[in-house]
Amino acid sequence: MRISIVNPNSTRSMTETIAHAARQAAARGTEILAYQNDAGPISIEGHVDGALAVPGLLHALAIAERDGADAHIIACFDDTGLEAARSILKGPVIGIGEAAARMATLVARRYSVITTLSVSVPILEDNLSRAGLSSLCASVRASELPVLALEADPEAANAKISEEIARAIDEDGAEAIVLGCAGMADFAASLSERHGVPVVEGVSAAVKLMEAAVTLGLKTVKRGGYATPRPKDQGFVYPDGMIGYTESAPVLEPVE
Amino acid sequence: MRISIVNPNSTRSMTETIAHAARQAAARGTEILAYQNDAGPISIEGHVDGALAVPGLLHALAIAERDGADAHIIACFDDTGLEAARSILKGPVIGIGEAAARMATLVARRYSVITTLSVSVPILEDNLSRAGLSSLCASVRASELPVLALEADPEAANAKISEEIARAIDEDGAEAIVLGCAGMADFAASLSERHGVPVVEGVSAAVKLMEAAVTLGLKTVKRGGYATPRPKDQGFVYPDGMIGYTESAPVLEPVE
Amino acid sequence: MRISIVNPNSTRSMTETIAHAARQAAARGTEILAYQNDAGPISIEGHVDGALAVPGLLHALAIAERDGADAHIIACFDDTGLEAARSILKGPVIGIGEAAARMATLVARRYSVITTLSVSVPILEDNLSRAGLSSLCASVRASELPVLALEADPEAANAKISEEIARAIDEDGAEAIVLGCAGMADFAASLSERHGVPVVEGVSAAVKLMEAAVTLGLKTVKRGGYATPRPKDQGFVYPDGMIGYTESAPVLEPVE
Amino acid sequence: MRISIVNPNSTRSMTETIAHAARQAAARGTEILAYQNDAGPISIEGHVDGALAVPGLLHALAIAERDGADAHIIACFDDTGLEAARSILKGPVIGIGEAAARMATLVARRYSVITTLSVSVPILEDNLSRAGLSSLCASVRASELPVLALEADPEAANAKISEEIARAIDEDGAEAIVLGCAGMADFAASLSERHGVPVVEGVSAAVKLMEAAVTLGLKTVKRGGYATPRPKDQGFVYPDGMIGYTESAPVLEPVE
Amino acid sequence: MRISIVNPNSTRSMTETIAHAARQAAARGTEILAYQNDAGPISIEGHVDGALAVPGLLHALAIAERDGADAHIIACFDDTGLEAARSILKGPVIGIGEAAARMATLVARRYSVITTLSVSVPILEDNLSRAGLSSLCASVRASELPVLALEADPEAANAKISEEIARAIDEDGAEAIVLGCAGMADFAASLSERHGVPVVEGVSAAVKLMEAAVTLGLKTVKRGGYATPRPKDQGFVYPDGMIGYTESAPVLEPVE
Amino acid sequence: MRISIVNPNSTRSMTETIAHAARQAAARGTEILAYQNDAGPISIEGHVDGALAVPGLLHALAIAERDGADAHIIACFDDTGLEAARSILKGPVIGIGEAAARMATLVARRYSVITTLSVSVPILEDNLSRAGLSSLCASVRASELPVLALEADPEAANAKISEEIARAIDEDGAEAIVLGCAGMADFAASLSERHGVPVVEGVSAAVKLMEAAVTLGLKTVKRGGYATPRPKDQGFVYPDGMIGYTESAPVLEPVE
């Protein structure tokens, strides 16, 4: 099967890291198609970055489905554009935030999320609420590390995240930890060992859930909020029939 | 004071209707600045239309604040882009969906929303939940009338909406009705009289709430999810310093 | 338009302060009719004071409607007697507690209330829950300042309230503050500036919301819990046909 | 032990019915002191009747405690004045609405309440919510029988109530029924047999719960919202030191 | 009347303590039948102990009903096997955990539970949620005292529990305390006096609630989840017709 | 990897059906170890059957882990004994009820469960609530088909289930269906096609989720309610060191 993973931001190093992590997690027989949203901001921190990233992200996802992807992953912990993506795609689609939280609930009663900046906290809380994942969430904590700082000084980042994990366990009653940014993935195993609780990273969680959904033959329902958009009679159509917001959108190629 | 009202879609007749309704509701001394999102779809029906409308909408709102608006109204019942708008604007901002529901709770214990298509129902439910307005909401009902059908055959639309109102009162226990589309505004008074319950329309509700907020000196807090976005070092900046997603965005002029 | 504001307690200095604040907030063209409940306790602190204040308060509100008031404000942060008032009045009516919380939700995701004594905390929590305002409420905190102490030593009161605001922001995640007593109104602007969050005061919030409701033509629904009380065949009727609990209730005159 | 039961309304026949039912339910050794609120309306139907009944009811309860009552029952299904009563009384106090719902939850997962008029439905819903009894409540249904109609034509009333019980079981999933008015008590046994579900009546439920509380030595906590009211320096004090709203309140004698 | 109380564990000294406490709380005319689950673990600490205790517990309860018990008490704070017990018994049945929490809500707005080990906290939280008692629960705190340690060193246990009570009041806003283990019963009165809040113990609370239910003629509904189990055609039937899991279960005799 | 699947009941034909379904769903490289609980009832319908099945089920799961299983599936839609199982097993474990609901939430906003008998409805509702899956659940509906009737007359069963699915979609707003019994698995694909919504079956969903968890290296946390049970000093230990309730438990062999 083919699973697409789209980085909603335009930072190449993150796209490559994400693609690598997805390929590590994939089963034999799963091909990962990785895309980058060149029309997006360099990182997604808060409502505005997220909103501006969505049109390009939807374009990339439409390309991915045309390229044969059976399922799709939005590689931002904010699950940017997830609901809109579910409306235009035939295959199932998940964001790495929702994916990580779903896996955490399999092995613990209450989990906490450690994310980057506090500007993202209400976004994550809204996403968890919408996905029915709030009642088991002990807390969403911000490490106040900007997304790109994770790449710049991983050791300092690791220490700061570890500190927040300790607080989530002690003060909030967390029994599992969800790492709330794609860039934290490498820390999962050592943090789990140090703190004695499961630590879930979103890219790999999303790959396994999408593999599961494809194997089970599940596709996003085309009813209710996910009904296929009615065609609009002006603009908003790509030459190849996909929904979009401008005819000048770039033709994307998967990242190898 | 100056209040901006932005139509997130690109249909001129709707922009004019909205601007007219806002000016009718405004107090003496309130100037209404109306804008149209020419980069948006012709109507907003569902997640995708909404997502694609946001960048242009944010651009229009930024223009509005530059033009001196003290508060802002997003004239789509889906409250398209509201959270992102609150992050970039100094003045208070509201969507007509949230505004109408807030006013309904002043005069009844439980209200129902009658919207256009069922594709919008989960969006409205999510918005009400996020705004803390769910617990008093008896139901969100779809009339299955497309947005533009309201303009095409108002009489048939009125009959269909009246039927849904009767059901909301009888089956769901609604004590007030929120008309879930800007195009339904003219029906409010007669529907209220016929059904014996308050019927609230969003544009006028939003104008009065924004007038109230400005008079009270309230501005959107710049903390948490509404913190001002950190500047990104590539793209995403307008020549005049406002946040945007492309340098080629059109310069908007208010609609008279 | 005419808006009545009724002080449910019998302390003249508070009635005058409240009337002044309401007139400050009112738009040109809005006449404020202020009443004092001479049959009430000197201040309302807890369930018993509140319960004993209601009959006189309802009497005053009925007088106000007879005097031509289009909308009504109950000037106690406990929203004393609000549900009963909605049952007897044609115009919309609000308490200053509900009004302040509603305005706070326009400019922040989560707000905290700083009230006087802890005896009032469950009352405010119940009111917010009934009004659908709980899910956005970060906390209700008591300063343990009695109502009348606010008048006696405003500076000390201000310091104590400021301290609680700091805690609400730091410990509870508040992004806006609601001042939970009519006597705290003068502190709002300076506290907002000091703490960098919106600070909402109830009297002015209530005036603006009632002006908005009247302009929109909204009246309290006469169904469900707000249905007009069935006439009882003994006692409980005023000579002028208004509902009451004794024929000897005094004829009230508005406070100038 | 001594348990007081106060009829918040002024209808003597109801007071006698209630006193009789309480004495039937009482254990040997329990003395029932019954009082009538002569200052109350003839029946309590909705917010206004309830609000006007409270001062006299509190007076009666204070008399009851002076007369040696160890616990107290408010004999109106609306639990009129319950929170205020808990603030002034040393012994535990319950309303018959809360009592019946509490007993129903011992023998079924979900219960429905059948009350008199729809004007009372939001009051009962608020009471159940405040008492933590909402999540197990399948529905609150109104038979639209006025309180005094139950006395006037018991057979017709029984048929109407039975019809609502059938609907509660079939449509709402009720597994037990709470009879929502003191006047329905005689119907409980036969309705239970006919419908095959427990049917709980409030007066007897309240007597048994108060007997239980007294035996266990439980008294209402004097903290938080139930803290003893601070003395006010004018009016509002009875000659014998009890809290009240006028010095001319009548001296009550228990009803035999 | 006859009320059975079953100790789900096999520790004789606890059975005797429980039987003694129940007989102390019982009214004249109430006979307490006490049973011990010899097929159970020596104490119940967590999910596994509880699960393994249930078959023997159900057997004991069936014996108790055959012996003429009108109502039943499960004497473990985890309310072990309560739902299954309600399915096989005609009389009402309660666990001491649910009983204590129900009595606490009669005299305070919010209560906290102090239990033994943290392994039991999620069990208690689930039980309270299922019983509709969560919304008034301020916290469930573990003293980390094993069940049998309460017997071994009561003074140290008392000190540790008192410490947790102080925290529940100060940090969680508790206004009443529920002692979360049968072995803590003797401490209730002195702890209540020391901390100035009601302290409820489960065995006596359960006895009084079951006496109340029997007097009111209430029996567990035989519908929904409590419907009588359909007979299985192999195994699972006792010689005397009671449901069970093996024919070799011992014949139990009440403990004197 | 090795995944165990345990049928908590003693019906061989169901064990074989379940084992077959699991092997169909398993990835290459996944070995399915299937066990049958010979000490359980012939089917699990309601609280009592479930409670009696748990000791044998835990025994079988302990055997499975000794046999090298990396993860575990409880093959009853009631998720019988799931919490206790998580306390004794190192690997992750899931019930087919929770598994199916989790997969449904990936492809639809709201799902309904169609189960067998109404006696199971509260059990499923409690499980969904505990697992944080309630808020997205539109309804749990009973077809009133006993478990073994599904095998006896599959065509009639299919028709009845299809009817309930139609009602769930039309009346409850379901957008996906969870088949609430292991015996319904074969109907999933045709029902999905007929009704145009995803239909999820639990055995295959559980296999894929456990494969995902094992690949991600996730193990159940050993804290809180899932902490390893403290050893008891009498009985309750298997010869091979596993926890149990009697030394005479049979040695189980996997079903081929």
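Think of it as A, B, C, D, E and F in the order they're written, each chain with its own count starting at 1.
The rule we apply is simple: contacts are C-beta pairs under 8 Å (C-beta built on N, C-alpha and C of every residue); 3 or more make two chains touch, one makes a residue touch a chain.
Just so it is clear, the model here is predicted, and its values are computed rather than measured.
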| item | value |
| --- | --- |
| Candidate from B-C, C-D or E-F with the same interface as D-E, over half of contact pairs in common | B-C |
| Euclidean distance of C-alpha centroids - chain C vs chain F, Å | 54 |
| Approximate Å spacing (C-alpha centroids) for the pair chain C, chain E | 46 |
| Where chain F touches two or more other chains, by residue | 109, 122, 129, 224-226 |
| Pairwise touch network: line, ring, star, complete, or other | ring |
| Neighbour-by-neighbour ring order, given that chain E leads and chain F comes next | E, F, A, B, C, D |
| For the chain D and chain E complex, residues of the former touching the latter | 25, 27, 92, 94, 102-103, 105-110, 131-136, 173, 175-176, 189, 196-198, 200, 204-205, 208-209, 211-213, 215-226 |
| Residues on chain C engaged by chain D in the complex (per definition of touch) | 10, 39, 41-43, 45-52, 54-55, 58, 81, 83-84, 86-88, 118-123, 126, 129-130, 146, 224-227, 229-230, 232-236, 243-245 |
